[in-house]
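Here it is: the structure, laid out below.
Chain lettering (A, B, C and D) follows the sequence in which the chains are written, and residue indices restart at 1 in each chain.
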Amino acid sequence: MLKFLGKRVFQIVILLFIYVTIVFWLMEALPGSFLDKYLMNPKITPEIRENLKRQFGLDKPVFTRYLYYMKNFLVLDLGVSFSYFPKKVSSIIFERLPRTVFLFATSTLISYAFGYNLGKRSAWRRGKVVDQVTTFTGIIFWTIFLPLLAIFNIWLFGVILGILPLNQFIEPNLWRHVSFSAQDLFLKLLLNAFIFLIVFLIAMIISRGLKTIAAKRILLYTSSIVTIVISVSIWILSGKAIYAWDIIKHMVLPVFTLTLYSFAGSMLVMRDTMLDVIREDYITTAKAKGLPDKIVRDKHAARNALLPLVTNFVISLGFTISGGIITETMFSWPGLGRAYLEALSQQDSPLLIGLLVFTGVFVLFAHLVADILYAFLDPRIRY
Amino acid sequence: MSNELVLKIEGLRKLFPAERRIFSRTKYFVHAVDDISIEIKRRESLALVGESGCGKTTTGKVLVGLEEPTDGRITVEQEDVTPLLYENESSARRYIERNYVERFSKMDDQQLKTLDGVDGIYAERFLKLSKDGTKFISEFLENRRVRVWQLRRRVQMIFQDPYESLNPRMTIFDIVSEPLNIHEIGNLKEREDRVAEMLASVGLTPPETFMFRFPHELSGGQRQRVAIARALILNPSFVVADEPTSMLDVSIRTGVMKLMMRLADEHNMSYLYITHDLAVARYMSNNIAVMYLGKIVETGPTEEVLQNPLHPYTKALLAAVPIPDPEQKRGEPNIKGSVPKPINPPKRCRFFDRCPYAVEYCEKNDHPKLVEVLPNHKVACYVVSGETK
Amino acid sequence: MVDAVIKEPLWKIRLKLWMRSLRTGWELFRERKLAVFGLGVIIFFAVFGLVYPLYPTIMKNIFWKNDPFGYQTFAPYDPIIGFDPDIMSHPSAPSFRHPLGTDPLGRDILSMIMYSTPREFVLGITAALITVVIGTIIGASCAYYGGVIDTFFMRLADIVMLFPSLALLMVLSAFIDLTLFRLALIIGMLSGFGSITLVLKAQALTIKVRPFIEAAKSTGASDAYIIFRHIIPNILPLSFLYMMLNVTGAIFTEATLSFLGLANIRMSWGVIIQMAESSGYLMGASIGTYWWLWLPAGVCITLLCSAFYFLGRGLEEIVNPRLRKR
Amino acid sequence: MLLSVKDLKMHYKTKMGYVKAVDGINFDLDSGESLGIVGESGCGKTSISMTILRLLPDNAEFKAGSVFFDMGNGPIDLVKLDESQMRKYRWRGISMIFQAAMNSLNPVYKVGDQIIEAIQNHFPETPVDKAREKVAELFHLVGLDPSRMDQYPHQYSGGMKQRAVIAMALACDPKVIIADEPTTALDVIVQDRILKEIRKIQKKLNMAMIYISHDIAVIAEVSDRIAVMYAGKFAELADSVTIFKKPMHPYTYGLMHAFPSTVGEKTDLVTIPGEPPNLLNPPKGCRFAPRCPKADQTCINEEPQYIEIEKGHFVSCHHPVKPGEVVQFYEQ
């Protein structure tokens, strides 16, 4: 296992090196530069421009800058952004990362849970009306034009029903006079969600040891309800509950849209692998053993079909940035995707490179996690 | 003519690396085929019998050029074809260097003249070139590409699985005429005639109803007949048959077996019949060679070996074959354990771990050589050949 | 043998065989209702795009009979420069004159959509064709040769797949003028060197180990012969299937890029929605009021994308015997 | 009578029509007895077992017949039970050793757990440690090391998987075990050992067994009675010695003489001409008629009755082979 991991990490480092190089030269090839837009500005004299150039390091030859970049990259320094000068690229990324990741993690989690269940059922009743209908809607949602879905959701929930805010991260009017920043509050919300997840996981692990199904359910339900009640009361007591609620309210629509969009993919993957698994002989054996259908489906078939789904899940988490571009644009959500679009229009190449490189690292890391997870889920794989 | 040797294998070895390493040399090898020697005369067939993983299929694949030999010499019709079985020319060159030039240059003229068989032919050629090694090699490798082609025409193979060995997207005509196509023999009209003739002679009559069907439209027996037609259309002198009947049903199997025997007669050719089934081997071969873990442990005329098996492994194998007669009682195969993997096998008798008669002597010495115990009947066992005493 | 065995010319027989396999394929295909639905939608759009030239003529004869001069000048059904002067304010809601309304510049939405349809087809199919040709050849060669060739293309695929394709295309749009064909080429190459190679290679590997390859090899067939005569014909159905699925991806990517205003395409469904967005009709309450600006185009994108996807999945059940019913 | 199959008919529905895979099968099975069913591939022999256990794919249609099974409280027709009642009879009443034993173990669960699952499914009150004891016992019985029960299937060799599958089949002390090609993928020596093992266990536990195989030699080895199946029907059923010494159906006769043997004189092998019929539309009369040298007009037009010619010897043929008669199959 360690040997395999070592090998894999080595591979990843080499891949990353090539990737970063390509990204760097690609950006260098971009015509024009950030400073071009000052050309027309009479207030900025050529001297100041030269000065800026030196500050940004643009006066050095390309190759020197490349070496410089690689050297900095080794110590995880992604340089300084042009448009947010003198903010560091990494700090911009880490400011926006939680928003994007939270958006995607929630929607992906929900959609995979849904997709897993629906795919399982649909494959089990293959060819029946249920299957036909789920597959049909699944494919429609899978191939739907994402902006259309976003616009439609905004229209339906924001305009017609009027229950949800249209876009943005927060309601500016509400936050005008508060002393704390939305980012802080958001991070605290994240922490809260994380704690809830941990409690839930612990409860799951404990419940495995319990004998009866009723006891398992009671443990799961009580633990989750208790955590929810405690955290809600803490929020109310601190007086920040309305602000937190505001953030949550703004999140619902993007999360809902993304979930709708991505549940179909996981469902189709689950259905297809499940169909493969159902034909295996051990499924017939399980049926011949006299096991009830539900156990054959859940314990024998779905468990084996889970493997490709998990890889899919982890890898799809890795691609949050490119997926984020559209959604974040549609909902004016200040995340990484928006940052990318802005950086592109501003020709802020350090930020662009930084974002692309960061995505690359994220994807490669996700692959590594997928490999490890696979080894845990499939006893046949021993690296 | 009938005594002419069609195939002679001497000391064939095939090792597969058991693990892949990038920086260091491979240490572990699977000894798939380890130093075996076989002779087949024209119109005679040899059955190579053994359990799965004993190296019998690998031997066949080396002969038709699907695997490179690691070591050993293969002679087809008095011609050393080993250099033709190597993928690249430099290994072929090295082979000639090692096997002929080095050996011949140590001998004087008189010794060279006394060599017989294949060696004799090449020694004569070596003398003619006044012992010039480089010239000898280049003459040896002359027209290598063309000769590889010719070799492919002379040695053909029939595969085990009639469902898998025919390309599902080709018609029967395409499949059977493919060798002609590759070797650019005849024009379309002639190819048609030959394919039709061949199909008729393997019992697919009338041929025109079969020619433009796809393999999945035929039954198992018919497919295997197509495979046989494909193998024989180039008129090979020698065919490697890798369990051609093991996937067929009984009522069809005998038909295919009989067909193969008839075609061998008609086309003047020999089979290397690879099988795990001793009963089938009995009907399909004149001689038999029993393989265990890459070694031949017993060889001789088929009837003789089956009636009087000497090696403990052959005995076990025979005892294990189910007999279609509930009244016939047969002995227990009294060997232990199961077939191990031949990865860097220790220097002792390969069968030692499972042998009921094994003594200390068998463990101390390398794998025994084949010894002629009865006329034409050779066994590789220290106990049987009496060396342990 | 005196009689000619093959009574007809070979090509005729092959044509017949081909027709027969097509017919059995169609029998199987017909049972997949979703796939038939997909094919129906595709045919509908093809017809829809093809009748476009008739549309202005029909409208002219109905609504502009009395004003041929105005029709000439304002070209009210031209998808790019058209304008309808008789309507007070643009965008205008659907009416008989403009079945799907007009956009802020006074152009007829239906004519814009119709005009774009063949372009979407061309883009999608070209891109998918490029993808599949590259993927098939590379996949087959990688599987067959292994070794250095395999390693090279697999690592290349790794790197290509590392790039978020939309983000990469956005960057490329800054220095490549993304016309329809260039876009098709780039999309095609990106997915051709990427994931599809892996899939097709995996398939080719299963073909490679089948005995008929060994049979051909033992007869003396050359590498190229085996790749093109044995391996590729056997993975071709799968390639065709991936082509269908890739059409979906290509159309989707084009629409997104156009929607973000990054492609240099004068008119496409994505451009129509972008037009609505950039002129502020997608803000707040006006979304619902001006629905015809985004809904028809969006529905068209979705429908065509899913139609190809449905078709692909229907084909998958024919091509992939493991998905067939027992 | 433990198991009694009466006129069983099951057809597969395809686009081209019905594939008559099981078309009127009759046999009885007593406890402690073993019945072998021999037939060529595609003759419907596997479908019989699937029909008895009612593990049929969606396109299968049960046509007629009944399967009487006696668990000790009088015979019950399995065909008439509903799905949840039927489940109780699976594995506990009739268990199976599947054709591809290699694949009948779920790769993601430990072998022992899969057997325990079967036990606990039928005896829910069994505690885990009791079940584990039982599994260890079973492992002993089939010649496996009980410490291996916490390993995954991929850690087993082919022969070991086969043994594990046999252990699993024995888990609920079934009355009948159906072994469908139990040793096809194995080497001769391993096959021989496993067959002997099963035979020994069967004798010891006094179970009834149904062996299904295409290999008549394997069947001869293990069965008391043998049924020869051809194209969805039984051609002949008799005790194994009779089948071999006095075959009455020409097909059986052909099979007996088509099989090469390592012992005895090297006799000429018989080739049965032609191919088995397509079960989509089998011949109208006797299904073997097109390949049979003794066939006449009656055979082509009329379906022969499946009748008991001697005691315990069932044949369905218009012109059964007489003892000593030599049937000359014409060559192709």
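Just so it is clear, contacts are C-beta pairs under 8 Å (C-beta built on N, C-alpha and C of every residue); 3 or more make two chains touch, one makes a residue touch a chain.
Computed from a prediction, not measured in an experiment: that's the story for all the values here.
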### Query
Can you name the chain whose C-alpha mean lies closest to the mean of all the C-alpha atoms?
C
### Summary
Contact tally winner between B-D and B-C is B-D
### Summary
When centres are defined as mean Cα positions, the distance from chain A to chain B in whole Å is 59
### Task
Can you check how far apart chain B and chain D are, centre to centre, with Cα atoms defining each centre and the answer in Å?
37
### Summary
So, in whole Å, the Cα centroid of chain B is separated from that of chain C by 52
### Length of the line joining the C-alpha centres of chain A and chain C, rounded to whole Å
28
### Task
Any chance you could list the residues of chain C touching two or more other chains?
325-326
### Query
Of all residues in chain B, which are in touch with two or more distinct other chains?
none
### Query
So which stretches of chain D touch two or more other chains?
58
### Message
Which stretch or stretches of chain A touch chain C in the complex?
### Response
15, 18-19, 22, 26-27, 29-31, 126-127, 132, 135-136, 139-140, 142-148, 151-152, 154-155, 159-160, 166, 272, 275-276, 279, 319, 321-322, 325-326, 329, 340-341, 344, 347, 352, 355-356, 359-360, 363-364
### Message
Under the definition above, what is the set of chain C residues touching chain A in their complex?
### Response
33-34, 155, 158-159, 162-167, 170-171, 174-175, 248, 252, 255-256, 259-260, 273, 282, 284-285, 287-288, 291, 294-295, 298-299, 301-302, 305-306, 309-310, 313, 322-323, 325-326
### Task
Report the residues of chain B in contact with chain C in the complex, numbered from low to high.
61, 64-66, 148-149, 152-153, 155-157, 159-161, 164-171, 173, 178-179, 182-183, 188-189, 192-193, 195-197, 207-208, 211-212, 227, 230, 234
### Query
For chain C, which residues are in contact with chain B within the complex?
1, 4-7, 10, 13, 17, 210-212, 214-222, 225, 230, 233-234
### Task
Give every residue of chain A touching chain D within the complex, in rising order.
127, 280-282, 284-292, 295, 300, 303-304, 377-380
